[in-house]
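For reference, chains read A, B, C, D, E and F in written order, and residue numbers begin at 1 within each chain.
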Amino acid sequence: MEALAALIIAVLIGCGTYLTLCARTFSVVLGLSLMSYAVNLFLFFSGRLVTGAPPLATNIGATADPLPQALGLTAIVIGFGMTAFVVILALRALGELGTDQVDGEDEKP
Amino acid sequence: MNVLLLVLLPLLGAMLPPLTIRFGRDVCTWAGMAVTACTLMLAAVLFIQALEGSPASMHLPWLHGIGLDLSLRMDGLAALFALLVPGIGLLVIIYARYYLSEKDPMGRLHGLLLVFMSSMLGVALSDNLILMLIFWESTSLSSFLLIGFWQHRADARQGARMALIVTGAGGLALLAGFLLLGQMAGTFRISEILAQGDHIRAHSLYVPTLMLILIGAFTKSAQFPFHFWLPKAMAAPTPISAYLHSATMVKAGVFLLARLYPVLSGTDLWFFTVSGVGLTTLLMGAYAAIFQHDLKGLLAYSTISHLGLIVLLFGLDTPLAAVAGVFHIINHATFKASLFMAAGIIDHETGTRDMRRLNGLWKYMPHTAALAMIAAAAMAGVPLLNGFLSKEMFFAETLHVHLLGPAWMLLPAAATLAGIFAVAYSARFIHDVFFNGAPRDLPRFPPHEPPRFMKIPVEILAGACLLVGILPALTVGPLLDLAATSVTGETLPPYSLAIWHGFNTPLLMSLVALGGGFAVYAMRRRLFALHERLPLAPDAAALFNAAEEALIRCARAFLHGLDNGSLQRSAALLLGVAALVMILPLAGPAITGPLPLTPIDGPSLMGALLLMAAGLLTVLWHEHRLSAIMALSVVGLLVALVFVRFSAPDLALTQLSVEVVTIMLLLLALFFIPRRHKPRSRPSGRFRDIVLSTGIGAGCGLLAWGMLTRPLDSISTFFMEQSIPGGGGANVVNVILVDFRGFDTLGEVTVLAVAAVGVFAMLDNLRLPIPAHDQDGRPWAAEPHPLILSQMTRFLLPLALLVSGFLFLRGHNAPGGGFIAGLVTAVALILQYMANGTAWTQRQWRLPFHPLIAVGVLVAAATGAASLLVSHPFLTSTFGHVSLPIVGEFELASAMLFDLGVFLTVVGVIMLILANLGKLTRRKIRPARIR
Amino acid sequence: MNHLIMIPLLLPLAAGMTNLLLVRKGIGPQRLVSVLTACGLLAATLLLLVRAETGHIDTYELGNWPAPFGIILVLDRLSALMLVLTAFLTLPVLLHACSGDDKLGRDFHVIFPLQIMGLNGAFLTGDLFNLFVFFEILLIASYCLALHGLGPERTRNALRYVVLNLIGSSLFLIALGTLYGVCGTLNMADLALKVAGSTPDQAPLLRAAGLLLLAVFGLKAAILPLFLWLPGLYAAVLPSVAALFAIMTKVGVYAILRTQSLIFTNHGPVPEAAGLLFPVALATLAAGSLCVLGSRRLRVLLAWLVIVSVGTLLAGIGLWNVAGISASLYYLPHSTLVTAGLFLLADHLVRQRGPAGDVLEPGPTMSRPNLLGSLFLLGAMAIAGLPPLSGFIGKLLLLNAAQAPIAAWLWLVVLGGSLIGIIALGRCGSVLFWKTQGDPLSGPPVSWLRLAPAATLLLTAVALSVMAGPVTTYTDAAAEQLLAPDSYINAVLGRETP
Amino acid sequence: MLTTAITVAFFCIAAALTLNFWRLFAGPTLPDRILALDTMAINTIALLILLGIHQNLTEYFEAALLIAMMGFIGTVALCKYLLRGDIIE
Amino acid sequence: MLSEALISLFLLIGGAFALIGSIGLARLPDLFTRLHGPTKATTLGVGGILIASVLHFSGQEHALSLHELLITLFLFATAPVSAYLIARSALHLRGPGGPKDES
Amino acid sequence: MKRWLPQPMFSLFLLLIWLLLVNSAAPGQIVLGALLAVTIPLFTIRFWPDQPCMRRPLTLIVYLAVFFWDIVVANLTVARLILGPTRNLRPTFIRLPLDLKNDFAITLLAHTISLTPGTVSAQVAEDRRSLLIHVLDLDDEAPLVNRIKQRYEAPLKEIFPC
């Protein structure tokens, strides 16, 4: 299962990276969202893979590590705030610059 | 303390002229004069103290840790400069009063002159290397401002910058040299360093130190090959030139040689470098001076040459040569200052400095001519004038050099040749200007004698040349003795300051120089013709400018090549670095840890495959954007499943609710984003992207693999144990969020609040074209709010709110919490907007989003701050069980209040963002141009 | 436990939220709140500095949970220095903004205090994840401030800045996850112990995490090759924002210094990150200097000067000795305040130059050339490292700190950079004040009052120089404290000092 | 018996999800994809409940409930986009 | 034992219906026919599993556990709306004039 | 009374839902649920301005029973159709004329149709006089229309008369 988890991380982060490197704001936003999902997963995995034992204090025996879950939760929320911001920023850029290109090709020298 | 006052007086006094200029030019001049005169008097008092054997000094700790202190000392050498600098300065200020035109900002000139004077005095008086460097650089900077005084003139600006760059570079080299010297000596205190000559000369760092310090000295004193800035500095008004290039700025370099003479001299390296450079400069400057047509140009090159002479003298490395060097410093200051002033008078009265036009001025300004002739004769080394004395000492010393062995003749011969050149250019200065026929189309004709007071400084200086020339021992004897002693650091061998030493070789050399000089001047026409035809050495100034331009072009090309404004490039660099730092450490060693692997089950395998496929699908479809959003949505859903699969229900809840809001955001944005079929990025770019993505993916994957296969011993056991007794909740994740690490959560809602405020600001007055049809050209559906949807949402809203309340109240003990509850509420409200429209929804109830956010954050913060009232740390929680009839026992926790703040903030944030983004289309918007 | 440490966090938070409630009440009350907050922050941070100066490390256990379990705030000499610096920068920048920049949007006074809160939090926290959270606060606030006033240039540059930092945040989380996954803790002091006691088996992961953290903080600090976001952005944002952003790169520097001195020490089991710093710093310095020379616009030039100062700072830190770190800690406030002052001054200059704006081409004569020129000269001297101002002292300390084999490199690059700085600033000043054409633009001349914030910031170069003795005494002590992290670790984890 | 039933059910749902994904991929129209997505969400609910029975945990109930709500809202938003472009008018 | 059998039965029914619904989605020829599968079969499939869950947890904890029914209620309330909107958009996209598919 | 409890039936329904949610009928939960069930409508009533008047709750219960039965039947039918040869399907659209006036009732009808055998409501006409229905496998239109009208529309009309 660990290999599968690592593979998921690799593929999702790779995909996110590829999209982030695209020349259009929409793709970049997609890529950032994808990367953000993957990173949260990574953060969560830092508590290892535990099946069937949510971290409730009432559960007896070993449970999943609650701390990475709390961190992941915070990271998801912050990531959401950032994504929202960048989406609107992309719109603003479209409105101000008249283009959604971000590869600098239409820059003045 | 008086030494400090000597430096501070002109520095603080520099404010007077700019302040007094409003009362007129005379008041301004008087102010400058008063400050300078006081400085001079103070210097004289201190000089007398030094003569009496009790040199004034002071020592104040400043940056004592590294040995930079305010240490000043008035020894002989310092006294020499302390008298020269304000002395000549006073004359220059008087002179400038008449030289400057009405338009010129006199207050600034006098102010800068005083600042410069202060820096120069500081250089002379410093008893600390670093302190000296500070003043040294101040002279560079103030001379930059002085040379660029006529800022409207391109040559002035360029000359100023060139001087700044060359002397500034020298200053940096000097800094390095001083630091090395300080490291060797273990102190920056000059008086202490001077005692360690033997230790330092034997040190392995001696050579680099000497070279660095010499670069500093040579740049300042315009020695070959750094001489070129000095002629360019002639673009300054003449009073400034007179000051900078006679007594002060350029003398700082030779002052430095004199100052460090006891430590650095006495080696072959010193001899060959210093005297070699000095000799080259002496000859080169003298030769070039002959061929200048600009009066000030001639003086500039002659200055270079005389500085070369002084440097050569210090390079000869004998005590008497040092005496001669010190003596020539004084003499050169007097005659060169008066010559500059005379040149200035001529320029002022005739409107030109071109010697080809200036002829026969004797007829129009005999008084000035007479003064100029005295000074020029001193420069040429004519007997009975001060220049003769020091030059003769110089000739004598060239005869005593043994290091050259059989080639010993070279030095006297070269010295004599330089003497010939000096006579020749001095003759030219006099003959070509005051005689040699009649003036040729002068801009101002006929010229007159200048105002009375403009000549007084020249008269004083010319008088000094004469006086010193005739009565040397009486006039400068004590000063010279004191100064030279402090240069060599030992008792001087006997020498005599007399005009007549009998017939000897130096006298012969002087006579040869005089005769030869006149001969050379007589043959000047042929020489000029020859000089024209000579394959000229490249002009150093032009080379310098070309180098500077090339450097700037290079820098611009570098900058332009580096930053083309592309987001891609920056991102690629960042990701590239990240990939490298992740993969390199993981590539070599065994990355697999010791932990046994958990087995894979079928559904999990399939879910993982689907998840990866959905990720790839997002990439594949990124140009079919709606489909890509759906693929992303699948990724989000499956990630939530992974969270559930590995026992993280809270994470799954958050992921699910955040995801749907993200999708809505993307859809709202997508409406405006134009769709074009633009050719993809270049294949090379795409290859780069694939390599980078693979790298980053592999890096993170390897990290995950390495991490997952290693055991973890974490602090979480504490949270599991303390959750109920300490935090009052069974859902440990929630207790961490609102209690153990509630501070993170407070930060997190702050981020959300700021993001919402920022989004609101960005939406302000945003003009985007509204597509009238979809991407395939179809008009939009006519019905804005499908009936079934709007009816159903009426029923769903209360239900959703109930669920939200459930998630909120249960959060502390079971999956849920304020954040998720807030999202559910917000999404349910947004559903109202989607189903019924913004107008309708806001008509029903206008929720004040901004205050909601503020109140939310404040509630959370205030809950945390409440614990301060009972002197517990911020965010200390409390909880208790309350028992009510019927209801039974239930728990109340301060964390719930905190969570309520989170809830309110989240609702406010999501609503503010989505509702306002939705409103974009309700404005009257001009279609914008979209490329 | 003294609650004073919470003031730098709670006061701006409350101010920001109060201003959010006041959004519809006009700008006047908001300005009042902001300025009072800034004054309060200055007072509070000075008190904290006095506390830290004794050498005692203050800790504050949030929620009354002990370290390493709860989040802990730590006040040592370094954090106190950063707090005071931030507060000291805030007030003039705020006053300058109140002369007009803040009216270009409704929310300046909401965001501004929160930006300060983010900065203060980053300086105070002793927890790595909490550091991430405060980074996000200060970043999101900086995004908003960068966009304040909007317009195409700002938007274009802000987009790049935002996207890069989002990627950076992702990488931060990866590094954080790895560190937690290996060490099982988030408290920096505890992490230091865990890293020091790590097995060889864990080393590759820690190495990757350490380097990744360095890259992430390097992005914020704008080191080579991660600095491309900075020049365009700083040149495009409002002047008061650019001035405030002078501290933004220093947060990166702070984080590098904190994590590398505490967790990944250069003599610990994973020394790579600390070792890499010096060459990278020199390369940054060299490239930045060259770009300063190549800049055609005043504000771009100033922005590259920020990068040069980052290179200088990190070069000192990269020496990993008391003298080097102390030199950097002296140079840090200097470069922050002076570049901020220059950005504010550039605002006045650009306004005076009308159509020429900040392009380094001849423009109209300034209306008060002597006043503006003197201030520019002061700033240019200070930033180029000309004596006797603080820039010189800083470089002097830095050069003096280097030991033999690497000293040559440091000297070469630092002195070469200074020379290039002199060339560039000489040209720049010459064009701005000397090579002018025509009469001053009509319009009200700059008044002393409006210039006061810029002048105050620039004059700190003089003050820092005069006060070099006491300041370096403090920075020496701070550097010693950093290089002997045991006292920090003991204070945080409540252990007895052996 | 229960274990077997759960395993079979797991495989049914897994297969269903795969089929949904195939439909998402194959389309061919956008409404097809939306439908596939919607169905996927519903099947995920089933999967979660199944997981709850399997692990004997009630903690997944909220997640399932939320998928039901959020899946619906996502579908509404997507359809609204297709119909009107502007999902919040 | 009986309850276990009952639970198993419902699980199997649920799984089967969910699968059938998805088979329909994959197999049927056009969007409108595909709509029928998910709206009914899948809903019932989930319903089956939810009932199994109700039975399972009620048996486990010796107290009625009915909250799974809520999900069913929710699905019944929303699935037709989803189907309706999907059909509406398909009709709209198919509408006169416009091209049929996106790709 | 109307002011403080605008939707008494609906509040009762919410209380029921609450008890389902918390999966408990403890007195405390009833009190809490009642509190929420009363307060939530106070807020949401503004978003439900066109509430239907509801009569004959008994008819509603019968209707619901029929409805659930039909769902089960529908699923079996559809399962057969899906698994069978798809070539033989006769999918088509039919238009159902509507007698219902109340929007909420129309919505419920559309729901019922979608959840029951082989039919999915696809569009309510803009004048709300007819409902477009997609049928998976149609023999004859008229019996189907009649069946829907009698089995579903008629009781709905009784329950929501206005």
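By our rule, a residue touches a chain if its C-beta (ideal position, glycine included) is under 8 Å from a C-beta of that chain, and two chains touch if they have at least 3 such contacts.
Chains and their UniProt names: A = Multicomponent K+:H+ antiporter subunit C; B = Multicomponent K+:H+ antiporter subunit A; C = Multicomponent K+:H+ antiporter subunit D; D = Multisubunit potassium/proton antiporter, PhaF subunit; E = Multisubunit potassium/proton antiporter, PhaG subunit; F = Multicomponent K+:H+ antiporter subunit E.
In this text the structure is predicted, and so the values were computed from the model without any measurement.
Chemist: Which chains, if any, touch chain C and chain E both?
Modeler: B
Chemist: Please find the path from chain C to chain D through touching chains that uses the fewest steps, and give that number.
Modeler: Steps on the shortest route: 2.
Chemist: Looking at mean CA positions, which chain is nearest the middle of everything shown?
Modeler: Ranked by how close its C-alpha centre lies to the overall one, first comes C.
Chemist: Identify the chain pair with more contacting C-beta pairs: B-E or A-D.
Modeler: Result: the pair with more contacts is B-E.
Chemist: Quick one: report the Å distance separating chain D from chain E, using the average Cα coordinate of each chain.
Modeler: So the centroids are 9 Å from each other.
Chemist: Counting in whole Å, what is the centre-to-centre distance of chain B and chain F, each centre being its mean C-alpha position?
Modeler: Centre-to-centre distance between chain B and chain F: 76 Å.
Chemist: How many angstrom between the C-alpha centroids of chain F and chain E?
Modeler: 16
Chemist: Could you grab the centroid distance between chain A and chain C? Build each centroid from C-alpha atoms only and quote it in angstrom.
Modeler: A distance of 28 Å separates the two centres.
Chemist: What parts of chain E, by residue number, touch at least two of the other chains?
Modeler: Expected reply: 21, 23, 35, 37, 43, 65, 67, 70, 74, 77-81, 84-85, 87-89, 92-93, 102-103.
Chemist: On chain A, where are the residues touching two or more other chains?
Modeler: If we look for residues of chain A contacting two or more partner chains, we find 20, 25, 28, 40, 42, 45-48, 51-52, 54, 56, 67, 74, 78-79, 81-82, 85, 89-90, 92, 102.
Chemist: Mark out which residues of chain F touch at least two other chains, giving numbers and ranges.
Modeler: In chain F, 17, 21-23, 110-111, 121 touch at least two other chains.
Chemist: Spell out the residues on chain B that touch chain D in their complex, using ranges where they run on.
Modeler: On the chain B side, the touching residues are 602-603, 606-607, 610, 613-614, 617, 626-627, 629-631, 633-634, 637, 640-641, 644-645, 649, 652-653, 656-657, 659-660, 663-664, 667-668, 670-671, 770-771, 774, 780-781, 783-786, 789, 800, 803, 807, 814-816, 820, 824, 827-828, 830-831, 833-835, 837-838, 914-915, 917-919, 921-922.
Chemist: Taking the complex as given, what residues does chain B use to touch chain C?
Modeler: Contacts found on chain B: 18, 61-66, 68, 108, 130, 133-135, 137-138, 141, 144-145, 148, 151-152, 154, 157, 160-161, 164-165, 168-169, 172-173, 175-176, 179, 548, 551-552, 554-560, 562-563, 565, 567, 569-571, 573-575, 577-578, 581-582, 584-586, 588-589, 591, 593-594, 699-700, 703, 706-708, 710, 712-716, 718-719, 722, 726, 739-744, 746-748, 750-751, 753-755, 757-758, 760-762, 764, 850-851, 853-855, 857-858, 861, 865, 867-868, 871-877.
Chemist: Given the complex with chain E, which residues does chain B contribute to the contact?
Modeler: Residues 624, 626-627, 776-778, 781, 786, 788-789, 792, 795-796, 799 of chain B touch chain E in their complex.
Chemist: Which of the residues in chain A come into contact with chain C in the complex?
Modeler: Touch list, chain A to chain C: 20, 25, 28, 32, 35-36, 39-40, 42-43, 45-48, 67-68, 71, 74-75, 78-79, 81-82, 85-86, 89-90, 92-93, 96-97, 102.
Chemist: Spell out the part of chain E that touches chain F in their complex, as residue ranges.
Modeler: 17, 20-21, 23-24, 27-30, 32-33, 35-37, 39-41, 43-44, 63, 65-67, 69-70, 73, 76-77, 79-81, 83-84, 87-88, 91
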